[in-house]
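Next come two complexes, and both contain chain A; in the first it sits with chain B, in the second with chain C.
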Partner chain A sequence: MKTLYSKSEKAFSSGATMILSALAIISLLPFLLIIIASITDEKSLIANGYSFFPRGLSLDAYYYMIAQARVVLRAYGVSIFVTVIGTAASLILTPMLAYPLSRPDFRFRGILTFIVVFTLLFNGGVVPSYIMWTKVFQLKNTIWALIIPNYLMSGFSVLLVKNYFEKNVPRDLIEAAQLDGANELTIFFRIMLPLSTPVLVTIGMLTGLVYWNDWINGLYYINDPSLYGIQQLLIRILDNIQFLKSGAAGSVIGNIVVDLPGASVRMALAVIGILPILLIFPFLQKYIIRGMVVGAVKG
Partner chain B sequence: MPEISRSPATPATTSDNRSAASARPSRRVFQHRILRRESIIGWLFVLPALLMYAIFVLLPLLLSIQYSFFRWDGIGPMTWVGLRNYITVLEDPDLVATIFNAFRLVVFFSLIPVMLGLVVASIIHRVATGRLGAIARTVLFLPQVIPLVAAGIIWGWLLALPGLINQILNAIGLTSVTRAWLGDFDWALPAVGLIGVWVLLGFCTVLLLTGITKIDPALYESARIDGASWMTEFINITVPLLRQEIGVCLTVTVIAALAAFDIVYVSTAGGPGNSTAVPGIQIYILAFTEQRIGLASALAVMLMLLVLIVILPIQRLSREVMR
Partner chain C sequence: MTFSRTALGSLKKTLPLILMALPGLIYLVINNYIPMSGIIIAFKKMDYSKGILASDWIGFDNFQFLFSTPDAWIMTRNTILYNLAFIAIGTICALALALGMNEIKERFFAKYFQGVFLLPNLISMVVISYVAFAFLNTDTGFINRTVLPALGLSETNYYTRAQDWPIILLIVYLWKNTGYASIIYLASMSGIDPTLYEVARIDGANKWDQIRLITLPLLRPTIVILTMLAVGRIMFSDFGLFYQVTMNSGALYSTTQTIDTYVYRGLMQLGNIGMSSAAGVYQSLVGFVLVLTTNYLVKKISPEDALF
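What follows is the complex of A and B.
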């Protein structure tokens, strides 16, 4: 093909390469900036604002975090616990629902699939959900409030697994097993699950990501600082800034923000929140991207 | 769910063909025998998840509708007010403004990412199939996976008065336009929109790129032999054949815009004043700070209908062409 490219094609090609590179850099810049900000000396942050080439470097923010290790580590612990338990539970429930939905001989699959799709588009509404979780289930300020509401069942994952079952597990295999007298439980655990590890890995990743990044459950249901995950810790700090913003004339925000103590500490916190994902993502992106994209198309 | 297999020339996804190829003769007889037992066991499988759906999603949905006909502070007695809450939503200029804001967000969360995503995806497909393409894809996707809270903090700083955006403007002599973007009554919404573009562009690009790779390469080859430019290719091959993916992108991003909560909350929380308040934020404020549960529910129900009204035509348009 190369030989077919004309001169204008070459020009286009180099132009396009530049545009792509520029876009990639623009997407990356914010990450770079906060990492640099987190190691910038607090005084020079206030005096000079943000810069990619800060005058004074300092690791104070990180020393401060180490001094506050109890809070930070605890938040990390909460986030890890929630992510692990939530993902595990969801990995059990999701294929269980997906399996019957994948079987054409299950009579109610149509209506049930519709319900699953429906929940993709609508959630029940925050108000009744909140009332239900707090009044009926008494979840407020318990660790379960971070695990059960909203994320335990994702219609997205169910459809992903259902489609995988339908396409990648041969029907004949299931029928052969049935003729051999295998019951549904055996088929599910011995055939469906082992043959579906790729999709299970994918939804495991996606669910884990959702739990790790979640802050909305924390916003609604947690005000006990000992149950803050890493994202809640960040959002509470952000809330404090916004409180100041709304209390003052809008146009002086910038100044207020800089006057708040611990700007570099906030950045360091943000870095700590992002870092695990930044480190893991390049290795797992194949699963995550494929899962999100295929799921979206199928859904 | 329609299956995407546009090109007979490319083997679809390799694994798909395996199961389809095998014959299945005696299914019907066999099926009938075990139908009853099957259904019961099927229900046992479905039950835990289904119960959770019923409790977590369907029940609150019905309750939302019920609450919307009452005046209620969440604690005291509920007073039936009929459609009063809905009338209030439509008459209160502040509440109507939130719905307009949601539609303005559609431009940023949906139209720009989809259009830009189309261009970027087709550029990656045409010129940067190698390493640059892979890197660009990963990097563009990154904002989608990082914690949104951190994104809010980052952009809060980039868009602040001493932030990077203003530094750049100063450097090129545009000092007069610098401002605290997220605190400016006129500019806060576009600024929030910019964050939305940053978050959603990668998702759209990758989704559209996946679609492009499924288009028969022979089409592009013959177009190129005929000397077609990128533009011609883009308009005559890429866009028409990506209709379904574009539809998906629009659906996802339009929902993200109309039902926006998280991006707005972490960047402006609806401020300054009400200038970036969207229904999602307003429902939160009405319910949790003003204790007007009924009004909040009415707004929620209307938001739901709104999403439905906007999404259905998109779905129909993108699917119709496929079949």
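What follows is the complex of A and C.
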């Protein structure tokens, strides 16, 4: 087959490789800038600004954050808690709703599917939601405000899982299990879920990413610094670097005499914020891409 | 007798399924449907002490106020123009990138490139606002301290210069979204029958001919559908892009205020629930009509890609 490629096609292909390599480098430069900035000596930052080729390197920003570990670790803890609980709950709710909708013999399948789809088409906007979550459910300044509103279960994921059930779990298998006297819960846990791990990993990944990256629920519902997740801490510190020093989270931070290396600490914190994504991404790229490709059109 | 027995039998069959669906349905009712009924707030003079239902009806007063301010025009114009630019330029860039990636036959490199271009899509808008800050701020920003001096230009305070933001936000948008969009096009390209290209080659078609005469025409349904769906969402903007990346700078409102940022600011910063909810309802209703319209058109082109 290879012989069929003409010279000009080979030239096109290597040209594409070169252009893509250049674009890939450009695309990575912003990440590189914040990483380099985080390990740049503060004096050099003040003299020359953020730069790809700093004069002096230093890990002061990271040492400083270790000294202030309470604030950072607490925010990390909040983010991890919210991400784990939110994703786990979502992974229970979503397939449990998707399963009845995937059963052709379920009597309310049509109307319930419509109820799910309609949430993708129309929404009441943030004002009524905000009033409901704060006045009726009293979620303001509770950890649940970071988990429950908006992201716990999306109609889109329900449809994704429903389609997967319909296409990938053979009807015969369900019918055979019913003949053997299995009840719906048994079928769900013993047949549907084990046969659907790829789609569950995909929506788990996407949901986890949404929770880890979310700052909007925090913006609306949290102003107690002890409930700040990592994204909110980042927002707060971009506005005011002194927040790290100010004995946030209600704690008094000892007699640290070092000057706050503000310009590099900011970027060090941003690096810490994306670290989990950078570490996990290579292993889960396949699942994320699969979810995005399926979801793009139906999203 | 037989009737009731079958009814009982079918209930026994249906009930477990209903119970399983129930938690999810309850969540949708609370999270999505109750707020939908809350659109009545836009037609009321909201008074927290009376509650929503007992607050006085004022008809379309909130809407009249909203549309008598210049804000209504500015936020609508910004939302739509940014979306149009994102759709047009974003689609072209994504297609070009996908065509390039389609040339990479080596599996390892193909995955590597996909990962690199996807990465900006996976980080939060907060971190992206840090990236923008690292480039743009006056004290330590890379552009202000390295690029502009090298060009012999003087310092620029971007966070007060509204005229620069359409291009800044376009660049940020393209950096964040092009890789993601191109992966979708790449997936459709990999579905094209390779024999088409072989036949074309035998007929003497060069690479450009193959792209023009085979790849693009076969991608047309995907392009049309993704564009339609984006048009259906033209009243909605990425709140984080316009609020966080601009660092909520008031000096930039003329070119960065969108309906979503207006609703947020009205509710949370100005305490103007009437205007804020009116803007929200305006967005939801026009958005709903647009989604229905574009979905209808998508259905005509390709029924299986329609949302419903």
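Keep this in mind: the second predicted complex is superposed on the first by the 269 of 299 C-alpha atoms of A that agree within 3 Å, B and C clash if a C-alpha of one lies under 4 Å from a C-alpha of the other, contacts with A are read in each partner's own complex, and residues count from 1 in each chain.
Keep this in mind: a residue touches a chain if its C-beta (ideal position, glycine included) is under 8 Å from a C-beta of that chain, and two chains touch if they have at least 3 such contacts.
Everything numeric in this text was worked out from a predicted model, so none of it was measured.
After superposition onto chain A, partners chain B and chain C are found to clash with each other.
By the touch criterion stated above, A:24 is placed in contact with chain B and with chain C alike. In the overlay built on the shared chain, the residue A:61 is in contact with neither chain B nor chain C.
Of the two partner chains, both chain B and chain C are touched by A:274. By the touch criterion stated above, A:174 is placed in contact with neither chain B nor chain C. By the document's definition of touching, neither partner reaches A:75: not chain B, not chain C. Of the two partner chains, neither chain B nor chain C is touched by A:199. In the superposition on chain A, contact of A:163 is made with chain B only, not with chain C. Residues 4, 6, 8-9, 12-13, 16-17, 19-20, 23-24, 27-28, 30-31, 33-34, 37, 49-51, 93-94, 96-97, 99-101, 103, 105-108, 112, 115-116, 119, 121-132, 149-150, 152-153, 158, 183-184, 188, 209, 212-213, 215-216, 219, 231, 234-235, 238, 266-267, 270, 273-274, 277, 281-282, 285, 288-289, 292-293, 296-299 of chain A lie in contact with chain B in one complex and with chain C in the other. Residues 4-6, 8-9, 12-13, 16-17, 19-20, 23-24, 27-28, 30-31, 33-34, 37, 45-46, 48-52, 92-94, 96-97, 99-101, 103, 105-108, 112, 114-117, 119-132, 135, 148-150, 152-153, 155, 158, 183-185, 188, 209, 212-216, 219-220, 231, 234-235, 238-239, 263, 266-267, 270, 273-274, 277, 281-282, 285, 288-289, 292-293, 296-299 of chain A touch chain C in their complex.
Touching chain A in their complex are the following residues of chain B: 1, 4, 15-16, 18-19, 22, 24, 27, 30-31, 34-35, 38-39, 41-43, 45-46, 48-50, 52-53, 55-61, 63-64, 67, 74, 120, 123-124, 126-128, 132-133, 135-158, 160-164, 167, 179-180, 182-185, 188, 198, 201-203, 206-207, 210-211, 221, 224-225, 227, 229-230, 244-245, 248, 252, 255, 261-262, 265-266, 268-269, 271-273, 283-284, 287-288, 293, 296-297, 300-301, 304, 307-308, 311.
Residues 1, 4, 6, 8-9, 12-13, 16-17, 19-21, 23-24, 27-31, 33-34, 37, 49-51, 93-94, 96-97, 99-101, 103, 105-108, 112, 115-116, 119, 121-132, 149-150, 152-153, 158-159, 163, 167-172, 175, 178-179, 183-184, 188, 209, 212-213, 215-216, 219, 230-231, 234-235, 238, 241-242, 245-246, 250-255, 257-258, 266-267, 270, 273-274, 277-278, 281-282, 285, 288-289, 292-294, 296-299 of chain A are the ones touching chain B in the complex. The residues of chain C lying in touch with chain A in their complex are 10, 13-14, 16-18, 20-21, 23-25, 27-28, 30-39, 41-42, 48, 52, 97, 99-101, 103-105, 109, 111-120, 122-127, 129-131, 133-135, 139-142, 144-146, 175, 179-181, 183-184, 187, 198, 201, 206-207, 222, 225-226, 229, 239-240, 244, 247, 263-264, 267-268, 273, 276-277, 280-281, 283-284, 287-288, 291-292, 305, 307-308.
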